[in-house]
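Listed next: structures, encoded as structure tokens.
Two complexes, one shared chain (subunit A), two partners (subunit B, subunit C).
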Partner chain A sequence: MKASGELKVEDLRVSFQTAQGTVRAVNGVGFVVKPGDVLGVVGESGCGKSATLRAIAGLTQPPGHIDGGRVEFDGRELTGLGRGGLRRILGNEIGFISQSPFGALNPILSIERQFRNVIKAHRRASARECREIALKALRDVGIAGPERVLDGYAHQLSGGMAQRVVIAMATVHNPQLILADEPTTALDVTVQRQILDLITGLIAESNRSMLIVTHDLGVVAQYCTRVLVMYAGQAVEEGTVDQVFRTPQHPYTQALLAAVPKVGGEIRGLQGGLPDLINYPSGCPYADRCPKATEVCVETRPPMVRAGQGRRTACHHAAGEVAGYAAARS
Partner chain B sequence: MPLLEVENVVKTFRRGGGPAVRAVDDVSFSIEAGQTMTLIGESGSGKSTVARIVLGLERPDSGRVVFDGQDLTAMSPRDLRAKRSTLTAVFQEPYESLNPRMKVESIVGEPLKLFDRTLSKAARRDRVVASLEEVGLGAGILRRYPGDLSGGQQQRLGIARALILSPRLIVLDEPTSSLDLTVRATILTLLKELQLRHSLTYLFISHDIATVRYFSTNTGVMYLGRFVERGPTEEIIDDPRHPYSVALLSSTLSTDPGEMKPARPLTGDAPSPTTRFPGCPLVGRCPVQVDECATRPVPMTSITPTRSAACIRVRPGTAGPERNEAPS
Partner chain C sequence: MRSTLTYALKRLLLVPFMLFLIATLSFLLLALIPGDPAVLIVGEFADQETLARVRADLGLDRPFWEQYLTYLAAVAQADLGQSYLTGTPVMEEIGQRLPNSLVIIIPSLLMAVVVGTVVGTAGGYFRRGPVGKVTSVLISAAQGVPPFFLAIVLIYLLVFTIRMFPVPTGMLYSSMRPPPEVTGVVPLDALLAGQWSVLGAITAHAILPVIATGLFLASYFAKTVRTSVTQAMATPQVEFARACGLPERQVVRYALLTARTSVLTYTAVLFGVMLSATAVVEVVFSWPGIGAWALDGVLKGDLPIIQGFIVVTGGLVIIAYVVLDVLVAALDPRIRH
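Entry: the complex of A and B
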């Protein structure tokens, strides 16, 4: 039996060195994922979702660099572990699923060989045992003819099949925590639903947890327990899905939800784009697009503060718990 | 009379010496002027091929495309070219459909150059600026390159180019799929405004059901190159009848927390696109199939005055039997 597996991220900072200067991709992000939680991470493309996830998994590669912060998993600090220590945890206690299954699979090794490598990285097993384990893992993700898949190569699989294989590999050691970066973005909705049912089923069975990056608010609404909204490398709002979707407090979250078509309703878009991440603004990064911005917003960066039971918001003029948005919507 | 009528269109592709793919298999629909018709269906179901045939970019093996009373499929290439000025398109990847080495002015003005050679350079620039203003971009970007623009601005540029010939019908093939939600909303509201202002007719392709509902009057559901259901958008989304539409729509996720619909999945994966079906293409995956389905052809049949479906178990009237008998 593995231990509790709480993930705690504090003040995480990631930057990328480019010819133009240092891109501040992640600027002090912090949150906790408790066992049983499925935390959805949303925000405009380029806001640092993938950089955050990769930093947690120790997958940050040059020109990326972790400038600061702590990542604690199951009581151990991952940021101080070094390559060897991290490798023992990743794939074993933490599973990682990326957006592109074909990027994650090796094109020249058979699926069986890749499974064997994944299994043997964390336990002793004969080739026969590995095959048995892999067959079961493939059946668990709903693959009907697992023998044929195992004997084949990545290019013989459809996108949905390949992503199922990746999920089977990422979860073969029953990880306590799954990190998934847009795992279904490339797939059709019918396959998306099967795969999300599958992953969240695995999690619910044994009180595991997941961090899932997505740009699909339907995925968050239907599969997540909590949601973290990011903007320009910062966390700007966090709470339960009900709290954030029903009474969003941060103006960016409000804009995001106002952009979703609702039955019989109108939609509202958002002009402009993310601020310059090289000359990062010293005040609120959303100030140049925010209808509520005042002088203090431009001058001082609002910290993430408690804004009700189990929720936090980073805004000088955040809407109250029930007031504002819900009323304005009707 | 509808502005566009697509009649029994068939298109097959053959790669190398391999078996043929029926990308579009006997598809028919029509769009009234000023309305929006949407095609939905999984990737590979033939939506883009239908769009390309309507645009004259692809010739159908058989069937007709009648636009504004004229059969485009019977026209000479020269006449077709002239006609094409009233029929334009906006595609999914804004950046890929814009030449990165051309400035904004040339990109937006290019169709004018092709279709209206008599126009002076100054007059052309005026038209370009007017078109840019229509989409919320100013003359200030005339000399910029598409690479300097954001994804949303690039897609506005694509729309400005599609508008410059004052078309009557615009094909929108997933125009917002690669955009962030907040940017997508600005483009959708812009397209709606333009439609009202210029009485535009749209053929729209999207896989986002909430967008489809917001945007379109009629919807056709495609599976393996065929239409399986067609009718008013709201009815199709709220009350799909064909087992494939039921499966597709039950998989879409509502953004309202706590509104999860039960999944009504099909069994197995989609067959290879080269598979030929003497009967219904859903055979083997359909939760309510009967023996006959494998052998009897299932043409689109009208089930209400405004709706059609291609399924032998969906009968005319209001209650399709499969709704009660489907395993839940």
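Entry: the complex of A and C
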């Protein structure tokens, strides 16, 4: 029996060395994913959501570097484990679903061979046992003719099928936690739903948990239990999907929700751009674009503060805004 | 598998056509190269009558197209003519010398593939660490030093200073009698006669030229493998392999799979290059190979030798490329299906 599998991230910091200077991609992000939770991490491109996900799984590649923070999974600290220790957890207790299935699958090895490698990485099994395990895993992700898929190669699959194969590989050892990096971005809209239904179905089945990185607020609203909004490498708001979508407290979250196009409504984009991640602002990173910014916002960075019932936000002006925003929207 | 076979047959059908093109090209050389072969054979001071007779013997007084057809017919029967200067049949000479060259070229290519893949993989995998820096310097050095220079250094150090290898005077020791002639190919004759001492001598003499050539060739493999592995390590494919908990050596193997095609391609290309480029190393080691012989033919303007060399090496390169194409197709499921 595998243990509970709670993921706890504290003050995570990731930077990238570039010719222009050090890009501070993740700046002190922290959150907890409890069993049964599906946490959606949202934010615009470059907000550090994917870098956060990679850092958790120890997949940060040079020039990226984890500067600090703790990642704790199931009571063990992952950041200090080293490649060998992490290897035993990845794919076994933590599954990873990547963005593009054709990027993830090996084009030269047969699907069966790849399954066998993944299975043998974590347990002893004969080639025949591996095939049985793989067939079952493929059936579990709704693939009708698993034998044919197993004998074939990645390029013979459709996008949706290939992503099902990736999911089957990532979950073949029944991991407690699944990390998904925009798992449907590369797929047709019609397939996106099926894949998301499939993933969330797998989660709900056995009280597992998931961290899903996405820029699609619709996906968060429909499939997540909790949401973490990131901006310029910082968490700015966290809470249940209901809380954050109904009564967003941070001005960035409010702008993000307002920017979701509605049928018949005009399209409202966000004004301005991300702050300079090399010369990171000392105050609130959103101050430049924020309509409510005052002097204090430019001078001191607002900490992430509890606002009751598991919700947190990082804004100097958050508290007073709740009622007003809710009233304006209704 | 069936489709690979059809593919192979299709490629093979192209070979005669390519050979025809090469034969045509080598014939056209006759028209392009200045000078009169007759003068080359009987000398500048021969009288007009002798010159005319020699020209008639060579068929040079015939119309151009007739000479062309005669040449094609001869090539089709594996007759590449005789050397202007020595009168020996070119085909026979090539048949005896080409295997000697292959004794250097094939082992040095194999050595280059192994050394290059190991060094290139290490360089690509550890590119940010000291290992990467060292391999980078090694690769540039090996690429910058021409094989003949390395050969001279090796001869000085290992032959004349520490006397580890025999003096570079051909394939055999000077005191050694060649094996009884059966095929004319010395290594093969030695094998047929069961003369292991002769084979041992050939091996001892071949080691230095193989190292000199192999290290140079290895730099090219190392470079392409390093680039492929460096790129592959940053792909989502390697990331997913790691995220599935695959052991690191398997992750590297995944990355290396992508380098396979370029290594094969380089093998075929460098094989073609070496057929003529081996000449300099052969000269340094007095190796009775095809390269040194052809170089001599070029310098003396011995046209049948030049033409014969072009046709035979050109044919070998074409065959190497066909083998390459078929191998690549057989190894890559995306082409195979």
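Throughout what follows, the second predicted complex is superposed on the first by the 319 of 330 C-alpha atoms of A that agree within 3 Å, B and C clash if a C-alpha of one lies under 4 Å from a C-alpha of the other, contacts with A are read in each partner's own complex, and residues count from 1 in each chain.
Everything that follows uses one rule, which is that contacts are C-beta pairs under 8 Å (C-beta built on N, C-alpha and C of every residue); 3 or more make two chains touch, one makes a residue touch a chain.
Fair warning: this is a prediction, and the values are worked out from it, not measured in the lab.
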Under the stated touch criterion, which partner chain does A:50 make contact with: subunit B (first), subunit C (second), both, or neither?
neither
Using the superposition on chain A described above, determine whether A:269 touches subunit B (first), subunit C (second), both, or neither.
first
May I ask you to decide whether A:188 touches subunit B, subunit C, both, or neither, giving the answer as first, second, both or neither?
first
With both complexes overlaid on chain A, does A:105 touch subunit B (first), subunit C (second), both or neither?
second
Residues on subunit A touched by both subunit B and subunit C none
Residue set of subunit A touching subunit C in the complex reads 54, 57, 59, 61-62, 83, 87-92, 95-96, 98-100, 103-110, 117-118, 121-122, 153, 155-156, 166, 169-170, 179
Of all residues in subunit B, which touch subunit A in the complex?
42-43, 150, 152, 180-189, 207, 210-211, 213-215, 247-248, 251-260, 263, 265-266, 268-270
Complex contacts: residues of subunit C adjacent to subunit A
128, 233-237, 239-248, 250, 254, 257-258, 260, 331-334, 337
What does subunit A use to touch subunit B in their complex?
44-45, 144, 158, 160-161, 188-190, 192-194, 197, 215-223, 241-242, 245-246, 255-263, 266-271, 273
